[in-house]
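Labels for the chains are A, B and C, by order of writing; each one numbers its residues from 1.
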Amino acid sequence: MIQVEGLSKIYRVAEKQPGLAGTLRHFIRRRTRDVSAVQDVSFRIEPGEMVGFLGANGAGKTTTLKMLCGLIHPSAGEVQVAGFSPQRRQAEFLRRITLVMGQKQQLLWDLPPMDSLRVNAAVYGIPDAVARRRISELADLLELGEELTRPVRKLSLGQRMKAELLAALLHEPEVLFLDEPTLGLDVNAQARVRQFLADYNRRTGATVLLTSHYMADITALCPRVLLIHQGHLFHDGPLEALADQLAPEREVRLELESPVEADALAGLGRLEQLEGCDVRLLVPRDQLTAVVAQLLDRFPVRDLDVTDPPIEELIGGLFRQGRV
Amino acid sequence: MGRYWRTLRRFWGTAVAVQLEYQANVLIELLAVAMSLSGSLFLLSLFYGPDQTLGGWSWAQALMVQGLYTVFDGMATTWLRPNLGAIVTHVREGTLDFVLLKPIDSQFWLSLRTLSPAGLPEIGLGLGLLAWGSHQAGVVLSLSSLFTVLVMLLAGGLILYSLWFLIAATSIWFVKTWNATEVLRALLASGRYPLNAYPPALRLLFTLVLPVAFLTTVPAQVLLGEAAVPVLLAGLALAVLFFAAARAFWLFALRFYTSASS
Amino acid sequence: MRIFGLNRRIIRVLLGSQYAHMLEYRAEIALWALSGVLPFIMLSVWSGSDARSGLGLDGVALDRYFLSAFLVRQFSVVWVVYAFEEDALLGRLSPYLLQPLHPLWRYVAAHLGEQLTRLPFAALIAAVFFAVQPQAFWLPSFGGFLLAWLATWMAFAIAFLFQSLIAALCFWSEKASALERLQFIPFLFLSGLLAPLTAFPPAVRAWAQWTPFPYLIDFPARVLAGQPVDLVAGFGAQLAWIALLLPLVLLLWRAGVRRYSAMGA
């Protein structure tokens, strides 16, 4: 459904000093530098997949998403979505896709969503009877009722987002591009939106691409994750595999009967914390059983706990370290 | 009981207020248009002492030009300002993307999305003034002159739209110069007066560069039976030219938007 | 000593920050200056018209009048009702009202900052005008310039107070800015921006002089253009209007703020 090969996007940014002198200098001689937003990204997405783009702010995930929609022209590389070249923005292509952006809306502010829906029905050439049916189906799924007849400005953020989703899905697109769809929503609304997206994907087999910096969105919805960092595609696969790759270690927490010295724990893994009787060690996965056996053998252990470091921390640590 | 009564009064009070607000708007618009027109006619009358003309145009003839100007100003208020004024908002808020992803021409969407009915009375008054002036000037309507006038009005409308759109489309580059269309509007006020009221240098400007002449003077000339065919053809040519330029510029602007924005 | 919360230090800081703020919008302000070309359009119509003999101004004098009208307009244009409406809508008003500085001073500072930013562009347009009509060039005498500056300042004050009056009505109704739209129309026609007052029939002229409008453009423009004008009557009328509007604005404003806080809006 989606094929991306060597996709890159480079922006030429003007470098201008502030103030009047800077403006004049800039006018006489422009200085620019190239900013690489996306570099050599390649991946393939099959129909019906739910894929998440994960990355820090400014990593390049929205740029990549917009290149898939055709809103941004790539500097290099090839993109094919549903057999079309998105750049050309052909009507047939546009009918097959939809874009939803968190905190930005296509619905008219002063009118009820119903009015915007009627416009969309006309634009996409959906007969009124068909549109009515789809609206009522989607409204049921999204738990929207009289909200559709209230002006958009009078709806809460959560209701607005649901109405946005309805408007975006009216023409039954095959590919859904969602850019931070749960941004700014409260916990309940986020959960509802996620539930709806999962259901929708199951029912219709639509391909869903989701960008988010909320881990909860990704873990709840996306069996497959593309991690984008500083414009590069760092990881493409299941989220658990990402955890393995990022953190080939597991965390072992010990509560001892009596305190020990740090050197006593040497060779048993990375010591993260030692506070009296409480010990935290990071142990490589493959050595885990051996190390645990040794710990139990050598030390008076009152309690032992083995966990994964939380994913947010792993990815956050990755970004902090600047590792690619 | 008292509480319910008070609540009910609130309900109805706000409902009436909302209704009034909407109606008040229309009333205020109507009043403003009527006042503005009276003022303009008063101003025009200052040019007409006994036996005086403005650029060779009689009072009744100048009224026709004012009427035509008012029609075009009304069209700007009804369609151009609400639609083209929103382009910069789309660019600023990132909602232009939604427009571009609809399977419908983006220029069409942006130009005709909405309308402001408050401008309709102005169009009506302008047509009325045109009719009155024509009658006073002794215009005899023939089918061919009516047809030609309509064609020239269409051409004028296209020129006005294209000019306004060209300027509004620059907001894709410069969000900070969104009020450039106000400069256009100020310059368009020159269309209130017949072309010959201006010195020769400005006459050229108002015919070729900022073709206000084709909006107001030429259609009036058509009705008065004074329009020469070459001028009409020039007007049509300019309309086509400006419209094509607006279209080409929009496609160029989109190319820039899709390659340089993030 | 504070005048409605204003003292020397606040003046400096407020003006400084507003000027810096307006500089960010200089492209937009340049265009606003450019959109004030209406006097020049009217000039070209008047100079070619049969009726110009009735104006008492001809040729060079007419050029100077309209250029002066343009300049006076540039430095007396007021937009406080729109800024205030927006601030009220976006909830910025509450913090302003909590500070020991009368909010209107902020808007005054914003206007002054905008005028300072506008200055180079207005000067540029005037320079272009002189390039096209070199015979109309003149430099007013120092005294004349000071008087013209004072008259323009007073015109600005009158216009600002008038619009503040309308802005204060925003405390009662959201649509108060529509009144500004209506008020603008008599201003346009009676202020002298489109035609010097001498163009009006005597009856209209006499009646217009009871309104503040001629003192907003016609009077200051004539002072600047160095044309014979009754200074005493002109300045007297300007002072009278300020004396009338100032207490009205302050009273209405206070009532409005009371209502605003009562409504908890």
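Everything that follows uses one rule, which is that a residue touches a chain if its C-beta (ideal position, glycine included) is under 8 Å from a C-beta of that chain, and two chains touch if they have at least 3 such contacts.
Note that the structure is a prediction, hence the values are computed from the model and not measured.
Interchain contacts link the chains end to end along an open line, per the touch definition above.
Chain-level centrality, scored on Cα centres against the all-protein Cα centre, points to B.
Centres computed as Cα averages put chain B at a distance of 27 Å from chain C.
Computed centre separation for the pair chain A/chain B is 46 angstrom, with centres defined by C-alpha atoms. With each centre defined as the average position of its C-alpha atoms, the distance from chain A to chain C rounds to 53 Å. Shared interface positions of chain B, i.e. residues touching 2 or more other chains, are not present. Of all residues in chain B, only 93-95, 97-98, 100-104, 109, 255, 258-262 touch chain A in the complex they form. Listing the residues of chain A that touch chain B in their complex gives 11-12, 37, 62-63, 66, 69-73, 87, 89, 91-92, 94-95, 97-99, 101, 104-106, 120, 123-124. Every residue of chain B that touches chain C in the complex is listed here, in rising order: 21, 24-25, 28, 31-32, 35-36, 39, 42-43, 46-49, 52-55, 174, 176-180, 182-183, 185-187, 189-190, 193, 197-199, 202. By the touch criterion stated above, chain C contacts chain B in their complex at residues 25, 27-28, 31-32, 34-38, 41, 44-45, 47-51, 54, 174-175, 178, 181-182, 185-186, 188-189, 194-195, 199-200.
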